[in-house]
Amino acid sequence: MILHILNRSPGGSLVYRDALASMGPDDRLLLIEDGVQGALPAQVRHFEPVLDRLFALREDLVSRGLEGRCDEAVQVVDVDGFVELTEEADKTVSWF
Amino acid sequence: MILHILNRSPGGSLVYRDALASMGPDDRLLLIEDGVQGALPAQVRHFEPVLDRLFALREDLVSRGLEGRCDEAVQVVDVDGFVELTEEADKTVSWF
Amino acid sequence: MAQSDPPGELLVILRHAPHGSSWLREGLDAALVAAAFGQSVTLLFQGEGVMALLEGQDSGALGQKGTSATLEMLGMYDIESLYVDAAALARFGLTRDDLLLAAEPLEAADTPAILAAHPQVLVF
Amino acid sequence: MAQSDPPGELLVILRHAPHGSSWLREGLDAALVAAAFGQSVTLLFQGEGVMALLEGQDSGALGQKGTSATLEMLGMYDIESLYVDAAALARFGLTRDDLLLAAEPLEAADTPAILAAHPQVLVF
Amino acid sequence: MRYALLVQGAPYSQQASHSALRFAMALPERGHRLDSVFFYHDGVYNAARLAAPPQDEPHLPDAWRELHERHGTELLVCIASALRRGLLDEREAARHGKEGHSVEPPFELTGLGQLIELGRRCDRLVTFPP
Amino acid sequence: MRYALLVQGAPYSQQASHSALRFAMALPERGHRLDSVFFYHDGVYNAARLAAPPQDEPHLPDAWRELHERHGTELLVCIASALRRGLLDEREAARHGKEGHSVEPPFELTGLGQLIELGRRCDRLVTFPP
C-alpha cells in the first residue's frame, strides 16, 4: 500500500488526475497544504474514486478556516496521524 | 488593449481559464515558456475564444522542438515581436 | 459600494490561497504599499485566492502568521474596492456569508472591464 | 523491452517539461546518480513530462542547455526501462514517431502496478 | 519608451529570469530604455553574489550586472523579500549582526515602494513570474 | 523506524519547509528516528546562514539547526543545486575564489548520491515538494 500525498488544489492544478490514475486499489491519498481545498464538499467529487481512502491534514485545514467545512467523507488526521499513515504504507509518493 | 502573457501549460494548470475570462474583445494573448505547449494543434482548442489574437514566442517553441508543430492559427513572434506587442498594448498582465 | 467608485489606479489580482505560499501576503503587501503611496487600489480575489476571504482562519502550525489580520486592516489603508471571483466562490461551494470581508462578487463577463479600467494590473 | 524486465529499485516520475523549470534536469540527475550507484532505475514521463521526449529540441535563447543530450546518454547508464504516459501523449497530439527515444506507452490502468512494483518512487 | 521589469522567479529553478533577461536585451534594439528591474518573491535570489553555476550555463547574476553596466539599468531587490531569504548587503548584515554579506552593488536592497514608483514612472511594467 | 525527508521548496515562499519541519518534530514522539533531511531544488535555500526573517515569523534555518542539535539529524544540501544558487560553505567559496560563504555547519554540502543512499538505508523517505 502506497501513501500518496497531494499539496495542490484541484481548483488550480491538474496534478490530482495523474495522482488518482497512479493509485492502486488499496492506496491512500492524503491532502496537505493547498491540497486540503479538495476536502470541501464542492471539491471532493474530484476524488470520487478514492473517497473511502481520502485523508486531510488537520493543521492545514485549521489554519485555512476549513476544518468545519470539510466533507464528511474525508478522514481528518493530525500530524501524528500523518506519521502513522507513513508507517502503515510501504512507501510514500508526493505529487505537486 | 491589454497584452496578456501566459507561461503555464493548459495541460497542467487551470490558470488559462481565468486569463481568458479576464480578456477583453481586443486583448491579445502571448504564450511563453511552458505556455507554448498550448500552441500544439491538440491543445490550441483551449484558446478557442482568442484564436485570432493568439501569439507564441518563437525562442520558446524552438528550444522545445515545437516550432514546426505549432497550430497554424497561432502567430509566432520572436523576442522583438514580444517587445512590439508590449509597445502596442496599453499594459501587460502576466498569468502564472 | 465598489461599483460606484471611480476606477482605481492599481488593480491587484490575488490568485493564491493563504499559507500554501507567500504569494498572497506579497500581493497584499504590494497593495498596502501602493495605498500608502497614495494610489487608489482595487483588489480582486480570483481562483484559489478566494480562500483568503474565508472566515475563521488561524496561524500555521509553526506559528506562521496568516493574512486575515492584514485583510482586516485594508480599510485603514482606504482600500475599499474589493471584488471576489463569483465563479470561484461557486466552485468552492462558498457564499458571501462565508467571507470575513464584504467583497463584491464579480461575474466573469464583468472581469475584462475591471482590468481595462485600471492603468496598472499586478497578478499575485 | 521494458515490460519483460524485472521491476527496478527506483522509479523516477518526470512530470515537467524541458526549459520551463529545472525539475526535469534535476529528476534526470537523480536517476543518473542512482544508476551510477548501481540501482536499476525506471523512468516514467508523465503529464507535461512527455515533452522531454520530443524530437528536435534545442538549447535556450541564452544558451541554457536542455535535457535531450542527457536523455541520449541513458543507455550508457543502463537506464533502459522507459515508460511514457499514453494519455498525455494523446492529449498533446503526439505519437511514438515524435519521440527521440523508444519509450513504452503506459496506459492509465497499468500505472498503479508500475508504482507498486518499485520499492522507491520519486516524483519530479 | 521607458520600461521596467518585475522578476519573481528564482534563477536556475524557473525560466523567469532567463525570459526577463532576453526581453531586457531586446529593448535597446527597439529604441527603448530599461529603467529598472525589480526583484520580488523568489526573484530576489537573482542577486546572490556567490552564485557559482557550471561554466557551460548562463551566469544570471553576472548577466544582470552587465545589463546595469551597459545601460545603467537599476537592479532593485525587495528588502523584505531578501532579508528573510538570507540576501543581505553589507549594511543590512551589520544591522542584523551577521558576519558576511550575500548581496553587493549594483544590486540594491530597497522598499516595495520603488516597485509602485516604477509602475507610475515607466511607460511599461512587464512581469516575469515563476 | 528510520526516516529521511527530501525538502524541495524554498523557505518563506512555499509551505514545504514548514510542513517538513512539523513532520520532523512529530517523528520522535512516535518512536522514530529522523536520520537525515536532504535539501534539493529550491529546498537548498533552507541552508542560507544569513536569513533574517521578521521576529514574529519562524526562523527556518535555525529550526533545522535545532533539529540537528536535538536529534543528530543530518542536514544534507545538494551541492550541485546549492552552488548555482549561491549557497557555498567555506571550502566551496575558497575553491571558487569567492570571498565569504553562505552555508555553515550543521548544514553539509554533499552529492546527490547521498539522497539515493538515504532511500536505501532508511525505512521511509518522505518528500516535501514546493
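For clarity, chains are labelled A, B, C, D, E and F in written order, and residue numbers in each chain start from 1.
One rule holds in what follows: a residue touches a chain if its C-beta (ideal position, glycine included) is under 8 Å from a C-beta of that chain, and two chains touch if they have at least 3 such contacts.
The structure displayed is predicted, hence computed values, not measured ones.
Undergrad: Quick check on the contact network: minimum steps from subunit A to subunit D?
TA: The least step count works out to 1.
Undergrad: B-E or C-E: which has the larger count of contacting C-beta pairs?
TA: Pair with the higher count of C-beta contacts: B-E.
Undergrad: Residue numbers at the subunit A-subunit B interface: does the shared fraction exceed half, giving same, or fall under half, giving different?
TA: same
Undergrad: Could you please state the distance in Å, as a whole number, between where the Cα atoms of subunit E are centred and where those of subunit F are centred?
TA: The answer is 26 Å.
Undergrad: If you average the Cα atoms of subunit B and of subunit D to get two centres, how far apart are those centres in Å?
TA: So the centroids are 27 Å from each other.
Undergrad: Residues touching two or more other chains, restricted to subunit E: which are they?
TA: Touching at least two other chains: 12-13, 15, 22, 41, 57, 125, 127, 129.
Undergrad: Of all the residues in subunit A, which ones touch at least 2 other chains?
TA: 7, 11-12, 14-15, 33-34, 59, 79, 91, 93-96
Undergrad: What parts of subunit C, by residue number, touch at least two of the other chains?
TA: As it turns out, subunit C has residues touching two or more other chains at 15, 19-22, 47, 60-61, 64, 120, 123.
Undergrad: Name the touching chain pairs, would you?
TA: Final set of chain pairs in contact is A-B, A-C, A-D, A-F, B-C, B-D, B-E, C-E, C-F, D-E, D-F, E-F.
Undergrad: What residues of subunit B sit close enough to touch subunit A in their complex?
TA: For subunit B paired with subunit A, touching residues are 11-15.
Undergrad: Going by the contact rule set out above, which residues of subunit F touch subunit A in the complex?
TA: Spelled out, the residues of subunit F in touch with subunit A are 1, 3, 15-16, 19, 22-23, 25-27, 29-30, 32, 124-130.
Undergrad: Quick one: in the complex, what on subunit E touches subunit D?
TA: Touching subunit D: residues 12-15, 18, 21-22, 56-58, 63 of subunit E.
Undergrad: Give every residue of subunit F touching subunit E within the complex, in rising order.
TA: Per the touch definition, subunit F meets subunit E at residues 10-13, 41-42, 45, 48-54, 57, 61, 83-88, 92-93, 96, 98, 100-102.
Undergrad: Mind pulling up the subunit F residues that touch subunit D in the complex?
TA: Counting only subunit F, the residues touching subunit D are 6, 40-41, 80-81, 111-113, 115-117, 119-120, 125, 127, 129.
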